[in-house]
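Questions regarding the structure given below will be posed in turn.
Letters A, B and C name the chains as they come in the text, with residue numbers starting at 1 for each one.
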Amino acid sequence: MASLMEDEVFRSFAKYAAIVIVKMMLMGPWTAYYRMTRKAFANEEDAAAQSKKPEDKKRLLRSDEDVERARRCHQNDLESVVPFVLIGLLFTLTGPDPFWALVHFRAFVGSRLVHTVAYMFALPQPSRGLSWIVGLLTTLSMCHSVIHAVLFH
Amino acid sequence: MASLMEDEVFRSFAKYAAIVIVKMMLMGPWTAYYRMTRKAFANEEDAAAQSKKPEDKKRLLRSDEDVERARRCHQNDLESVVPFVLIGLLFTLTGPDPFWALVHFRAFVGSRLVHTVAYMFALPQPSRGLSWIVGLLTTLSMCHSVIHAVLFH
Amino acid sequence: MASLMEDEVFRSFAKYAAIVIVKMMLMGPWTAYYRMTRKAFANEEDAAAQSKKPEDKKRLLRSDEDVERARRCHQNDLESVVPFVLIGLLFTLTGPDPFWALVHFRAFVGSRLVHTVAYMFALPQPSRGLSWIVGLLTTLSMCHSVIHAVLFH
């Protein structure tokens, strides 16, 4: 374990993984903020916490486009960030070239920050599409490296 | 590897991670049970396995509030448990104080058990909200520890 | 780290984890392909990239059964593949019997390939149900092994 912390690729991976996990997790409070301010809830008990009047319940149990957009962005993070961290750790443990590894980590984290801005502020395409593809290709490239490393060990 | 199993923080993390992963995975069968008993399916082939009559198909392809609640609880697990296990492993590998690490693992697992009960039995708010926030803060605290550990190594 | 790459269970796990992560990630482009060919988008800016005419916007912002099926398959991967990789790594690090570990990894990856074919081509049940259960039981068995290994270390 001490030896892992001595490895610069591991330290670099741990830092970028933590950053992108924090970014992903912040989508939860972001969605909750939209639910509170737009008054759009999914659960009866959440609506009941806002108003006890029965006539308000139906009005509060609704979907809202801002909430749905935040949820779609969060979902895309689950589909992109989680595979990156999973394969990134295996990639790190195969002992890659430090410079090459850093290029992967930075390209991924950068692409996801662009993706979040493009999604949440509804920037015109292809900004979101391209940032999504960069993240995808970076992760697939690490998958290829892992398979290559274990097959030709 | 043998050395990892000698580490008490790793053994503790592995145990709590396995518990909370099992909890998360059980949401799948829980949802399937509601789909079967409430007769509410998402796929044509699932409805066809229940009844061959064409007039039944439309009746079986519907959404049900119990099913949707189980799905939302499962989704919240994906958004909370998966980041905990990802960052928890990196946190463990940075060599944290064993007592402090254990506090994090237990606070997270406890908060998620409360969250599941609060969600599935629709307990009044803020029970679910508070348990969700405890899990979130515990995970963010581990993210902070990981970044601090690798920057000041 | 070098020692991990010397371990045959780790190399085997890394290979199968990478394969099943690639499979999961390909659901993203698969969904995007259906969105483009079926002309069914979730975001206004995506519809706007297809046609500038305001009357087209409503027609393009719709849900499509092929798109929804791909999304459900992707979601099931998130719920199944991610726990497998998380617990599989911990399982690998507890030093399991190599043959027994390989049985788990192959059963899981095989079950998920069958699951994807059964889902995307709407094969009659119980093909999808059974493949899902095999993957679930394989992962739960690894959870049990991890807990047993750390408790009786």
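One rule holds in what follows: a residue touches a chain if its C-beta (ideal position, glycine included) is under 8 Å from a C-beta of that chain, and two chains touch if they have at least 3 such contacts.
Owing to the predicted nature of the structure, the values given are computational and were not obtained by experimental measurement.
Rotation angle relating chain B to chain C: 120°, from a CA superposition, given to the nearest 5.
Two copies of one chain, chain A and chain B, touch each other, and the residues they use overlap weakly: the shared fraction of interface numbers falls below half.
Rounded to a whole number, the gap between the C-alpha centres of chain A and chain B is 17 angstrom. Within chain C, residues 4, 10, 78, 82, 86, 89 each touch two or more of the remaining chains. For chain B in complex with chain C, the residues that touch the partner chain are 1-2, 4-5, 10-12, 14-15, 17-19, 21-22, 24-25, 27-29, 42-46, 48-49, 74, 78, 82, 85-86, 89. Within the complex, the chain C residues that touch chain B are 3-4, 7, 10, 69, 72, 78-80, 82-83, 86-87, 89-90, 93-95, 122-126, 128, 132, 136, 139-140, 143, 146-147, 149-151, 153.
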